[in-house]
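Look for subunit A in each of the two complexes below; its partner is subunit B in the first and subunit C in the second.
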Partner chain A sequence: MRPLTQEETNTFFEKLSKYIGENIKLLIDRQDGSYCFRLHKERVYYMSEEQLKIGSSAAGETLLSIGSCFGKFTKSGKFHLHVTALDYLAPYAKHKVWLKPSAEQQFLYGHHIMKSGLGRLTEDTEQYQGVIVYNMNDLPLGFGVAAKSTQACRNCDPMTLVVFHQADTGQYIRDEDTLT
Partner chain B sequence: MAESMVEGKQSLVDTVLSKAQDQQLKTTNVENEELIELDEGNLLAVNENKTDTKDFKKKKETILLSLTRDATQALFNSLWKLPVEQKDGAYLITLPESKTWMPREKPVPKKKAPTKWEEYAKTKGILNKKKSRMVWDEPSQQYKPRWGYQRANDDTKDWVIEVPDNADPYEDQFEKRKTAKKERVAKNELQRLRNVARSQKKKVPGIGLAPTEKPSKDHLSKALAVAHKSTASIGKFTDRLPKEKPSKFTGKKRKFEPSIGNLGSEKEKQLKVLDSVSKKIPTINVTKAANRMLRQDEEKRAQDKQSRKTPKKVKGRKASLGLGKPGRQGGGNKKTRGKRKR
Partner chain C sequence: MGRKRVLDEDKPKKGPGRKTKKQPAPALKGLLGDGPKKLSHKQKQRQRKREEKQALKASVGAKRKAPAASNSRPTKKPKLLFDSDGDDDENLRSSDSEEEQMQDEYSEDDVLSDMDGEVAEKPPSMKKAKKKDKAANGAVAKKTKKQGKAGAKSKKAEVESESEEEEEEEDDDVEESDDDDDDDSDEEMDVEKASKKLIKKQKEDETLAQQELMLNIKSQEKFVLPSGQEVEKEAELPPDLAILDNRISHIRYVLAEFSERREDGRSRKEYMDQLCRDLCARFNYNEFLMERLIRLFPTEIMDFLEANEYPRPVTIRTNTLKTRRRDLGPMLIDRGVNVEPMARWSGVGLTVFDTKVPLGATPEYLAGHYMLQGGASFLPVMALAPQERERVLDMCAAPGGKSSYIAALMKNTGLLWSNDANRERCKAIVSNLHRLGVINSLVTNYDGRAMKKVFHSFDRVLLDAPCSGTGVISKDEAVKMNKDEKDILRCSHLQKELLLSAIDCCNANSKTGGYIVYSTCSIMVEENEWVVDYAIKKRNVKLVPCGLDFGKEGFVNFEQHRFHPSLRLSRRFYPHTHNLDGFFVAKLYKWSNKIPGEEDKKDKTEENGEDAAKAGDSEGKGKKSAKGDSSKTKTPESEKNTTPLKGKQKAAGKDSGTDTPSSQSKNKKKKGTPDKKQFQSGKAGDGKMKKAGFLAKKGFQNKKKGKK
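And then the complex of A and B:
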């Protein structure tokens, strides 16, 4: 377990800022305790200082997971966000998408969102902007990437994809083995 | 009567033979067979019959042909005498061993020099006794390999080690065994490489880089770094060129910050990184700004158009009603005709 290097922090923050912008500051600087990011086996974990101290007694092969896993670094140095980060991204989301009840199931099974399933969408979302997906009762379902900007969404036909699926809470059941 | 019949038969044979001769079937007889050496194994026939030089000069081709024919015929005669088998309608003969000695294609291989171990074994009288791969392992009650992965009697895998009386009580016995194993492995590797170098007659440096004919860019930069450091004060006072950067090849393993370090400083560093990341995100939404500008331009143009608009010239009945007066705005509908304010 080790802290992230400069380059790794850079890549990680760039990815996070796509979803929550400069609200990452609220994750780093917290009033209710000092939290930190640590890297273990190519995965980034977010934990409090107490958890860190306890967790550092088990390290290497024996440590499976600590705190909340935000995602992992791939072999080529790119960062992939996992659904386990949703709890921390949802409150600070910049661009949101609300789904109709009919389209919820489709998204939770891992499919992309079509315009027909779109309930609401934040104004001035650019194309390929990171978005958090909510259901009509404001429950976070997952996150994705906007396939079309808000303007373009207005003019396109109902069968086009508007949001590309990246992670959803259904993965907690589907990908149980691989999530940490 | 019988005699005459025999004579008749004989004459029949003669007629057949003479017919054969008349039909010019070539004979299989070979004269001077003794001087034709045959080597059936190599399908070789050597005709050592001498020819008269004068005759040879006159009828070169015919003599050569007859000599060759004799030799070939003799060879085939001898081949047919060998045991014949039939296979798929074809006649097969197994050729005997060749009698001609052939010279070597390649030179005789040099004898390998005995290795260091072989010499040692010879002097000590150590024989190569075959040992079985699997050995009975008492603790796990099963057969395990003698060496290698999951071997029997692996002392690095003991979960309890008695501390010997004369040992330091604070010494880590487990770690001690692990380091001993690593040292043995490293020694073995070194020995192996030395053996290889010795057998291939190549020079291997103790530390640093092996000399090559065509060094790659990577090799050169490493060599430069090593040369920079190879001074009495280990490169502390070696000058660098004006634009030369310190080398990446420190020879050390990659070093990371400690896991439980100063959290405050860590936060500061992260905030700095965050600043640099936020700088990359454009603060102005370009498309929105552009759209706004365009809309403003359009509105302005629309207003200008309205102010320049001249009042419509009214003719006919409307004019009589007094609707064509300057300053009056045009427009309206049937209901307002005549009712609009003047």
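And then the complex of A and C:
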């Protein structure tokens, strides 16, 4: 377990800012105690100081998870957000997408979102902007990337993809082993 | 469409007209033997009123035209006649004076002529004195008919005079109908006779059944145990459930009052062996397990075995970190899951009766709003009663159900260390904790026995030990066959080691905690009371009440075992009594970090171990105090030193915070703290320490350090 290097921090924050923008600040400067990001086995964990302190007594190989996992660095140095980060992304989300009940199940099985399943969409979403996906009851289901801007979404046919799937809560069951 | 209906053409009506329809079927009196119609209560009342009205009218009319009375009289006569019969009764019941008057007023000759009939009729009416009411009813019924007719006649025809012949005819009619009445009574007598016969027969049947029962009992008393050869023969054949059930109930019957019901020359052991064999064959257990179960439940064995055949209700636990039970319930009901709050003792459990959707794949489940969890696994966590900002260890955590409940009770504060020895199962913990939004967790994969070397300053430790699983046979049928003595003892040994390790991980000097909860899903004494008893002997711990107000007390004496009397405070849960999985929960309070055996020896090695432990402890605390106010967790040191307002406020806040959560655990704590103080002051042998209260802890530690 070690702190992130400058390069890693940049990559990581860049990715994160696609979803929550400048709200990253709120994750680091917290009123209720100090929290930090740590890298452990190529994965980024977000934890409190006390967890860090006590967790450091656990040996590297046996420590499986500490705090909440945000995602992992791939071998090529890119960063992948995991669905486990959803709890932090959802409250600070800048751009949101709401799904119709019919498309909800589709998304939870890992499919992209088509125009037909789109219930609502935040205004001024640009293309390739990270979006958090909700169902109509405002229950966060996962997140993805907007395939089209809000403007372009307005006049396209129902079968076009509007959001690319990245992570959904169904992965808790599907990818239990590889999740963290 | 089609042809237009011709409207001007009068269609001939088909079938009978309205009037014919209205007409009732012809009543053939006497021929068909139709009994008098029984009137309902309301009808009777109405009838009476009508009668009264008519009588009044008639009387008025009679008074008005007394000479012309004979005009209407003959038509009314039959009614009168009946009245005389019926009125007698009526007069007995209620004085209907008007009718009597009316009767008096009627012309004597008519009445006289009728008297014959009446006289002839009287004796039977006297006979049926008992059934007067019934007869009266019958009469009333007749009256209505006659009256109706008469009324119609008088109104419609208004015939001035009618011949005597007619009168006589009517009289005849009346007599006939009287006979009818008699017949009715006879019929009813028949019914009565029949009913009497029936009653008699029933009684006979009963006595016969009683005798048969006695015979049965006698045959039971004579029940013979199968001989050795028979048993061998039976062993080869596939088991016949009917025979087995029968024999099991017989043997249990005999055993209930052995001295009276037993077969001469057969010992109790023979019966017990046979019972054990039969139960094994009946429910597919191996003999070892069955023998143990019989010893555990001498009387309730059948209930227990039958409860194991059926699954326990599916329960889910609301994740209070993300939602509330009263929000979750309706949401699930909307999805087609029939749920209801679980039990009085749980505020987060929901019982699932039936469901149209897979419970483990609803969007709510995936969003971590609830956890599928057996009702029994709430219990150890409730007993542990973790507080906010504590350090809690769950030693055998997979798959994370109890761990997440602990985190929910701690409200995601402090630290939750979930450990499991099985790496594969650890993945489930990670996944579940993330899904349920637990952020204060730390998941490791150590052998529980090595945990004390990793970290040993926990406020509370939960040890849900791996066990033989004899309490959850309904979940895993394999347990019935694949457990033997060795397995149980192996489990027991491992559990003892784990429990000692768990106790070592717990810090007795903890301000709020120092508690260890030991639980298993086994019902074997070897895995439960025996293990706890061992720990009490080996470490400075004592049993405290679990804080669960139901469940059976743990065994203090069981067969050859004599346990510590405080084991009464542990709790056992059984499938047949609580409809939960078989479970054992014991809560221990650690009052000293010393290890008894090693303390006596005053070994050099022990000293080193202690020092190392202390060093580790103070290291952690040192870090904390260095951080000062920035960290939420405060050490006694910082509280003591920061005399200004801030520290005090914080302390007060914390106190109130710990006060609120559960009064029960607080009480325990209150009970617990004096012990701690006593122990500390006793050890330090210093009066000042006592005054300083719990702040003394740190001072004491410092002192020790200084000595070093």
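Assume the second predicted complex is superposed on the first by the 180 of 180 C-alpha atoms of A that agree within 3 Å, B and C clash if a C-alpha of one lies under 4 Å from a C-alpha of the other, contacts with A are read in each partner's own complex, and residues count from 1 in each chain.
The criterion applied here is as follows: contacts are C-beta pairs under 8 Å (C-beta built on N, C-alpha and C of every residue); 3 or more make two chains touch, one makes a residue touch a chain.
Please read these numbers as outputs of a predicted model, since none were measured by experiment.
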Could you look at A:T9 and tell me whether it touches subunit B, subunit C, both or neither (first, second, both, neither)? first
Go through the superposed model and pick first if A:H80 touches only subunit B, second if only subunit C, both, or neither. neither
Which of subunit B and subunit C A:E49 touches, first, second, both or neither: both
Check whether A:S34 is in contact with subunit B, with subunit C, with both or with neither, and answer first, second, both or neither. both
Contacts of A:R154 with subunit B and subunit C, given as first, second, both or neither: neither
Check the residue A:R120 against both partner chains and state whether it touches subunit B (first), subunit C (second), both, or neither. neither
Compare subunit B and subunit C by how many residues of subunit A each one touches, and report the one with more. C
If you stack the two complexes on chain A, which partner ends up touching A:E22: first (subunit B), second (subunit C), both, or neither? first
Looking at A:I66, would you say it contacts subunit B, subunit C, both, or neither? Reply first, second, both or neither. second
Let me check the overlay on chain A: which residues of subunit A are in contact with subunit B and also with subunit C? 34, 49, 53, 59
Tell me, which parts of subunit C touch subunit A in their complex? 360-361, 363-364, 366-368, 391, 414-415, 417, 426-431, 433-435, 437, 439-446, 454-455, 620, 623, 627, 630-633
So in the complex, the part of subunit A that touches subunit C is made up of which residues? 32-34, 46-51, 53-55, 57-59, 62-69, 84, 87, 104, 108, 135, 139-141, 169-170, 172-173, 176-177, 179-180
Note which residues of subunit A are touching subunit B in the complex, please. 1-3, 5-6, 9-10, 13-14, 17, 21-22, 24-25, 28-29, 34, 36-38, 49, 52-53, 56, 59, 124, 126, 149
Touch list for subunit B against partner subunit A, complex: 256-261, 263, 266-267, 269-271, 273-274, 276-278, 280-281, 285, 287-288
